[in-house]
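Several structures are given next for inspection.
Consider the two complexes below, in which subunit A is the common component and subunit B and subunit C are the respective partners.
Take a look at the complex of A and B:
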């Protein structure tokens, strides 16, 4: 387990990670098992804040080692959350690139999706529509991160990116500047 | 709603009068310092005056000369600190159920750079007749604020005991702290007769554990308003043959230094990190063997931010090792917390029940009552307070 769902909507959910200093890499693919359904998502943003929403962490102007020795309790008062976008779900072993009929149940455990699952989720390019149009994160940045991960798992990365680029071009309504800006950030070839 | 415009004039008047009092305070302080020096030269004059009658105000007697100053002991790091603090959802006769909750915050911090701190809160619901009513003289009344504080203090003591037993590490010095006084003060008690007013019956079990494991327990009092030492000094100003304060009027000479707190006196005496000598309240003529078990004394310490009063039982105050440990840790904790012990701050934050949490608690009680098919209704007054008519 890498975290637990603490807020859930049809299109997105928030995961609290197991430790305050356990950070999920931006753009990593994750999954949660909800009864007989596996719901897949992508990490679209992370934040570490105080557990008390009204109070911000205080600056001590000391090194982390010094703080661990002098103020060890402050680290128990922090939490790290991941904002995740729902990419689709799988039922009976078949991946469906659309939202599940029910949003994920609260307090479900979350895991990293394995490479085989990521390949399956990114087989069709529907996920690009989800990443580019996510509302509370930088869509272009997230799309580039998703493409980097998806392409890195393919044997023929260039071929995958060319096909993804064509699809993205349509999604972007043939905006060459935007496509260029995204593809420049996919440096996995 | 509060109409601040109507209050502002009153606030101005209050501020003006405070300013005047401050000037009077300066004069009182000079008088107190004069007495202070005199006491050290010949305390007998004071002591015999205080001993002349039973009915005098509360006083405290120093174990050494009153102006003795002890420097900050050498560091005992790494150490462990245990702290508890309580808070409550008060009894509300207008709510769906007659009950109250006491929530205790528990903190154990180990400054060894490797052991994780233990931070938790433990709530307890009180709803039985013998928990929410008091019986005195055949009368049955709802539990008073004083009694509720006692219940809270005994829970704080019980949880502190638990922390010492479960979180203490062999060979690592440790200290237990609670917020506020250890004694169950009874202001009506006679200072001379009721030595019990200077003991802490709620902490007896915690003291036994603390003694066994050499973990001193202290009550940390920030912003102390007591004047026990000042009261002792006032005895010299008494011009009556016997010091019977119950017969005095407001114009007696000893009133000249009334209103000064002990902390003002020690502010000039103690440098950062230093502590005063140990004081015991109550009777000064008692032989050591006649003391009640675990008599509570106190000392003042300059934390750098304020003069804090630290209360502790006699077995701590009479043992140089334990006293130095308590002195150092109280100072170090206040420094780590930038003015107030960090462990007590965290215990407070864990214990405190916020407004929305209180609302949620009563909603949960109401829902549970409804689920069980029991009546769940707030009084009309409560209803109209939350749902205003327009």
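Take a look at the complex of A and C:
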């Protein structure tokens, strides 16, 4: 387990990680098992904040080691959250690149998706539409991160990127500048 | 070639979006492709190619620093389009080909044509279908012309000088002679068809019709000495009697004789006054005779004397005789009636337009007269219909220019189509010089490279896809490429003509030949066999080449 769902919507959910200092890599693919369905998402943003929404953490101007010795209690007032968007779900072992009928149940446990699952999720390029149009995060950055991960798992990375790029180019309405800016951030080949 | 239909219309042709990975550089204008519709296959020709962008901005952004992006954009943002013109539809349900009357739906797959498509449309080589070449980039597939349809109408072979008009003509002549569907009469002004010709491509001699077809071809000559110098044994030496020359013939060569319109009118008056021997009588007149005549015909003496001086140019043509030994027209007719094709060589008169035009016109007019009489008799139920005759004329614009085509017999033959079973094979380098009315009557045209706008327009006049074919025509290679369009082919087609080589000789002589060095055609052997049988009363086996040679030596 790497975290638990603490807020859930059809298109997105928020995961609190197991420790305040346990950070999920940006753009990593995650999954949660909801009854007989596995819901897949991608980490679109991380934040570490105070537990109390009304109180912001205070600056102590000391090193982390000093703080851990002198003020160990302040760390338990922090939490780290991952903002994830839903990419699709799988039922009966078949991945479906669209939202599940029900949004994820709260307090479900969240895991990293394994490589095989990531390959399955990124086989069709529908996920690019979700990453690029994600509302609360930088779509281009997220798309580049997803492509980096997806391509790195392929044997023929270049071929995968070319095919994904063609799909992306259409989604971007043939905007070459945007395509260029995204593809330049995919440095896995 | 692989792609899908992007857009298009029946009149304007279709745009095909090339599939990603296809190399547009390898698709040449003029090649064939097939659009696989639901019910019909649309056999089409590539007429243009283009680069287009879904978003015009894409064209201006350059990505040369990132090959990955180049690869992504190519085929999506920037697409390569091939413009194709549907030529004919193949009905997949009921079979058969028909003219294009509908269009395939969007996204229909497009593929390169294969041999079966070509055979369905043009037919496979057989007695009626003559293999003239192959479609562009489909070198192994024979493309055929329907010979029956070819000889039904007058035809044209056009192309700039040096594009192989003679070569195409020779191939078509071989096809017609071999099929025995028509007799040919060739006015061989440059001495290229009879015994041997030269090939600019290989810089060597090629075999003429006589060498290939032996006794089926007779060589007539205007200049026996020149023929013999070239190693040709002519079957007949043509002489033209003065009385065969009519005012119309003189009118045809007015330019060569430097005659003005008034002089031409005087000629008609002369004929009326002097009768059928008008020309000779006139040429023999002295000043006093002319003066006497002037008073009677009410013409100016000075102009008649000038006319006489100019007409004296005819006396310098030695083949025009007062009393020829034999009647050339009668001989030609005899040969043609026996199914023997005639090639008339002009020997050293090859650059003498006066000789060429005069002789061609006089002979053709009289031969045509005989054909007309015979066909009229046949129509009245007396006698057989003529065997089709194809008359080959080079430098055709000289005879068929808008000014002259109404006066020459050739204009008339071109217009009357096959009524009397006489048609023309017009060979010319300046189709724009030919009367548009005659142009429009030409059934099948073989057009090699033309660059002059007017020539292209004239050559393509009367074809429904002229605009599309223009690009194709201008992009032909100088040698061995031509468009065939018209009556004998179901659709216009660019061909790479077949080689005029040993393989061709073999085909034309039914394979019975020695080797390339010592060539003997089957029909030549037939001749030898016949000769031996006639003279020695021996039985000869034609397939036994060595045996015949032995007998012949004996």
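The working rule: the second predicted complex is superposed on the first by the 189 of 189 C-alpha atoms of A that agree within 3 Å, B and C clash if a C-alpha of one lies under 4 Å from a C-alpha of the other, contacts with A are read in each partner's own complex, and residues count from 1 in each chain.
In the analysis below, a residue touches a chain if its C-beta (ideal position, glycine included) is under 8 Å from a C-beta of that chain, and two chains touch if they have at least 3 such contacts.
Just so we're clear, the structure is a prediction, and the values are computed from it rather than from any experiment.
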Worksheet item: Between subunit B and subunit C, positioned on subunit A by superposition, is the outcome a clash or a fit?
Response: fit
Worksheet item: Regarding the shared-chain residue A:35, is it in contact with subunit B (first), subunit C (second), both, or neither?
Response: neither
Discussion item. Touch test for A:155: subunit B only (first), subunit C only (second), both, or neither?
Written reply: neither
Item to complete: Report for A:187: first if it touches subunit B alone, second if subunit C alone, otherwise both or neither.
Response: neither
Practice prompt. Please indicate which partner A:69 is in contact with in the superposed arrangement: first for subunit B, second for subunit C, both, or neither.
Written response: first
Response to the item:
Between subunit B and subunit C, more residues of subunit A are touched by C
Discussion item. For A:170 in the superposed arrangement: first (subunit B), second (subunit C), both or neither?
Written reply: second
Practice prompt. Quote the smallest CA-to-CA distance from subunit B to subunit C in the superposed model, rounded to whole Å.
Written response: 51
Worksheet item: Where on subunit A do subunit B and subunit C both make contact?
Response: none
Practice prompt. Would you mind writing out the residues of subunit C in touch with subunit A in their complex?
Written response: 20, 53-55, 57-58, 61, 63, 66, 68-69, 71-73, 75-77
Item to complete: Within their complex, state which residues of subunit B touch subunit A.
Response: 107, 109-111, 113, 115-117, 119, 336, 342-343, 346, 349
Discussion item. Taking the touch rule as given, give the residues of subunit A at its contact with subunit B in the complex, in rising order.
Written reply: 52, 68-73, 76-77
Item to complete: Give every residue of subunit A touching subunit C within the complex, in rising order.
Response: 158, 161-162, 165-166, 168-170, 173-177, 179-180, 183-184, 189
